[in-house]
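What follows is subunit A paired twice: with subunit B in the first complex and subunit C in the second.
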Partner chain A sequence: MIASIVVALVYAFVAALLLQGIRRIVVAHSQFRKGPSIFQAFYDFFKLMSKESLTPNVTSPLLFNLAPILSVASMLVAALIIPLAASTSAVSVGDLIVVIYLLAIPPIALILGGSASGSPYGAIGAAREVALLIAYETPFIVAMVTVALAAGSFQLNTISATAWISVLPLAAIAAIWTLPAAAAVQPFDIAEAPTEIVSGPYVEYSGPNLALLQLGQWLKIFLYASLIAAVFFGTAIYHFQPAVNFVIQFAIIVLLVSAFIAFWQATSGRTRVTRVLKYYWTVPTMLAIIDLVLYLAGVRYMHFLFGWAGL
Partner chain B sequence: MFRARSPWVYFINTGSCNGCDIEVLAIQSPRYSAERYGVLRVGSPRHADVLVVTGPVTKRMEDRLTMIYEQIPNPKAVVAVGSCPTSNGIFDGGYSLTGPLDTVIPVDVYVMGCPPRPLNIVSGILKAAKMLDSRRKGKGGRRTARFDEAMSKETTVDLKFQSSDNVPGAEE
Partner chain C sequence: MADVNERGFANLKVPIGPSHPALEEPARFLFEVEGEKVVNVDYEIGYNHRSIERLCQERPFSKVVYLVERICGICSHTHPLNHVERVEDIADIEVPERAKYIRTIYAELERIHSHMLWAGIAGEEIGYHTLFMYTWREREKVMDLFEMLSGNRIMHGCNRIGGVKWNIAEEQAKSAMSVLTYLDTAADKITKAVLKDSNIAERGKGVGSLSREDAVRLGAVGPNARASGVPEDTRVMCKYAAYGDFDLEPQTAKDGDVVAQALVRLAEIKQSIWLTKELFANLPEGPIQVEYDEIPPGRSVGRTEAPRGELIHYTETNGTRFFERIKIRSPTLANIPSYVPKFLGCQIADIPIIAASIDPCFSCTDRMTVIKDGKRKIVSARELKTGRI
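== the complex of A and B ==
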């Protein structure tokens, strides 16, 4: 059990940082640039860890310095509960509800840190982060609850035994649709907005604090994609050697992130704050609710449409 | 070794004619693509490793420049881009200048030209980033005498959130 915990933590750390390198390369190539090294996130992380940390005078120092640790700690716990490249998770104490709450903690850490930093930019960024969080959590939670109802359990190990995209495709679309907002990249980087409110909640952070805050965000992107992969694509595909399983899972995550985060990021500008709420509460939420209602009404439309294929 | 590979850059214009700023912007374009060396433009001095300065230092910008320099966490490096921060360039002798950049803050790399070519600017940033490797985190908090002076006197730079009645023209 200790071994599986260590493997899960190390895999989550390495994969989350590699994923950022890959994302930046994909974005750069979409814009006809060359892009940084695939290990760029490692360089950035260890460079920031080796720098000086400044705490502004006007902050509440406890909250300001606690927020980055909170962000990373919650993500490390989530890495143990979500099944990563295996049929079961590293520890079997948590369920889907715990994971959904844990995935909301890095934004909450940003909100706390931004509000505590005493900077007007931090306060604006924190307010925007709240709007963003409310916007994308709604369709995501409705989709996840639909899956949990269909599976008859909130235990992730039970849920991920089936590839739910073949039963509830609309819920899968709604959940995948929230990926770019959860990643807080270009169309939905309203809370950070480096060119507008100089990185928002990050503005007063420097050195190790900034490194941890960013690591929390990077881990969140990786684990969010992992949760979607585990729930909708199932864990039945991981029946090979452990090393092969890690490669398969990382390939799925890279595909999800490249297609739904990086390409979108490279080809669009930032949207307005008010439009994000309208955007996520109309089509994605409706898709998830349609699937929920149809499932509760007993309509198995995938079976009706593709019954000949054995679904 | 990590510092040389991810120099995060903060740009500041201290009275430049904008020629150098155009060339500095060009280093992020697909043609020069500074991101392939890990160069990233940041919006807050607290995130930065390298300070890139264009233009001669005007009297208005002097306090702001030292304040921004002090806000960059150690280790840090400064790149002077263009003829102006090196020698005041064509503005030399102007009534509104307080002299070339190295009389205000310590400078590590000078990039010459009026304006310099974008690849030279990239090369200057990378040279400054290499210097960061040998610097200690705690050491070399090179606080300038002018910074202490600026902090002690009643400056026009107020970092606190200004109320609307301090903003000129807010009465209308």
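== the complex of A and C ==
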């Protein structure tokens, strides 16, 4: 058990940072650039860890310094619950509900840290982060609850025994659609927006605190994509030998991140806060609700269309 | 406006600048915001005073041309062009036709690369990095063209009193033509992207709009005024250099918002490419420079169309090797007052793109700072008139 915990944590750390390198290279290539090294996130992380952390003269130093730790700690717990390379979680406690809550903690840490930083940019960034969080959480939660209802369980081990994209494709689309907002890249980097509010909540952070805050965000992108992979591509991943599982799962995550985060980032500018709510509460939420209603009404449309009722 | 709004809450004051990622150069804006809405704005310039006008009086004529060239890294041709035209006006120097055409070629190439630079920065301000990368890649072609023509990408050193320094060879004109043809298709692509992209439409339509009345009242110049429908173009009005030989139409748009600004500038890129091709094709034969004896005392004021708008130079000579006075009014100074109607009522998210939309160049603008008792002071118009500062 200890061994599997260590393996899961190390894997999550390495994969999350590697994923950032891959994302940056994909973005660079679509902008006619060469881009940084694939290990750039590692360099950045270790460089920041070796520096001094400054605490500004703020309203709440405790909250300010706690936020980065909270962010990373919650993500490490989530890494143990979400089935990564192995078909089961590293620990036997926790389920989908816990994971959804844990995935919301890095944004909340940003909100806390931004508000506590005493900077007007941090305050505006925190307000924007709230809007972003409620915008993308809505379709994501509806999609996840639909899957849980269909699986008859909130246990991720049970859910990932089926590739739910073949049963509930609309819910899968809705969940995947929330990836760019969860990753907080263009067009949804509204909370950071370097040209507008100077990176918002990050503005007063430096050194290890900044490194941890960023690590939390990077881990969140990786775990968010892993959760979608585990829930919607379940059996497609956990069908084979562990080594093969690992390769397939990482390939799916890289594909998701390249196609839905890096590609969007490269082909759009930053949107406005008001637009984000409108954007996520219309089409993606509708898709998820349609799947939920159809499932509850007993309509198995994929079965009618293709003769499938789940793999 | 009061610090407390009608619901009794104090408005948040957001300082932007003097050093801020949204600004390439130092200027200070203080925005009063209610939620995300800007309700009041104050601006302050003067962080980049370089004493250029004074330095111009301490150098002999031949060196001032190079100093004037260094006022701005982007308008590095139109400043010396205006300057040498003033001196030629005072000394009654007749510039050869070929020199006039070469000057105009540089001026138009400068407009092309400046407007492309603007399009890239506007993209960057709304977080659209790909647009930035794309337009700057195409702009690089113009810089290469400059390097081929003058040996330098930015400081061309082309103008001198009585003509130009660099002649244009037959092969140079030929390869320039092919580059211009390529740029024409690139400009079409950028225009299509600006017109069709929903992201740009969302961030640009109705953002930072300036009515025609405000543009006239606040004395906006250049693309900023033309985007609001004021058909004002110094190239057409003054017909300096070789502009008298060609029939130019001021490019205008109606709305005065960011998209209108972009469309005016993109139309001007197309127009400049056409004009540069015409200039290369009709380049007259003859010398590129005439000799001159000495500069008599006199004064001259004149205007040229910089990429950012109307540029005014006032030059006074006193019969020695030095200038009595040089006064420069750069286009950004005329455009800054139009910031206020543009900013009022906008969202915080729109501040960078509106700030960039007039294509500001603060270091060209700053002429004077008054420091009294160690405190900077803002001088009112009345104090300036009465001379009691």
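Going forward, the second predicted complex is superposed on the first by the 298 of 311 C-alpha atoms of A that agree within 3 Å, B and C clash if a C-alpha of one lies under 4 Å from a C-alpha of the other, contacts with A are read in each partner's own complex, and residues count from 1 in each chain.
Throughout what follows, a contact is a pair of C-beta atoms (placed from the backbone, for glycine too) under 8 Å apart; a residue touches a chain by one contact, two chains touch by 3 or more.
All figures in this text were calculated on a predicted structure; none of them were measured in a lab.
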Considering only the touch criterion stated at the top, classify A:E129 as touching first (subunit B), second (subunit C), both, or neither.
-> neither
Touch check for A:S30: first (subunit B), second (subunit C), both, or neither?
-> second
Would you sort A:E137 into first (subunit B), second (subunit C), both or neither based on which partner it touches?
-> neither
Look at A:D44 in the shared chain and tell me whether it touches subunit B only, subunit C only, both, or neither; answer first, second, both or neither.
-> first
Could you look at A:D291 and tell me whether it touches subunit B, subunit C, both or neither (first, second, both, neither)?
-> neither
Of the two partner chains, subunit B (first) and subunit C (second), which one does A:V273 touch, if any: first, second, both, or neither?
-> second
When the two structures are overlaid on chain A, which partner does A:D95 contact: first (subunit B), second (subunit C), both, or neither?
-> neither
Touch check for A:I190: first (subunit B), second (subunit C), both, or neither?
-> second
Mind sorting out which residues of subunit A both subunit B and subunit C touch, each in its own complex?
-> 31-33, 120, 194-195, 198
Contacting residues of subunit A [partner subunit B, same complex] = 24, 28, 31-37, 40, 42-44, 46-47, 50-54, 58, 120, 194-195, 198-199, 202-207, 210
List of subunit B residues in touch with subunit A within their complex = 2-3, 5-6, 8, 30, 33, 35-38, 40-44, 46-47, 49, 71, 73-75, 137-138, 160-161
Okay, in this complex, where on subunit C does subunit A touch?
-> 12-15, 20-22, 36, 123-131, 133-134, 137, 199-200, 202-203, 347-349, 351-352
Counting only contacts in the complex, subunit A reaches subunit C at residues 27, 30-33, 120-121, 123-124, 186-187, 189-190, 193-198, 266-273, 275
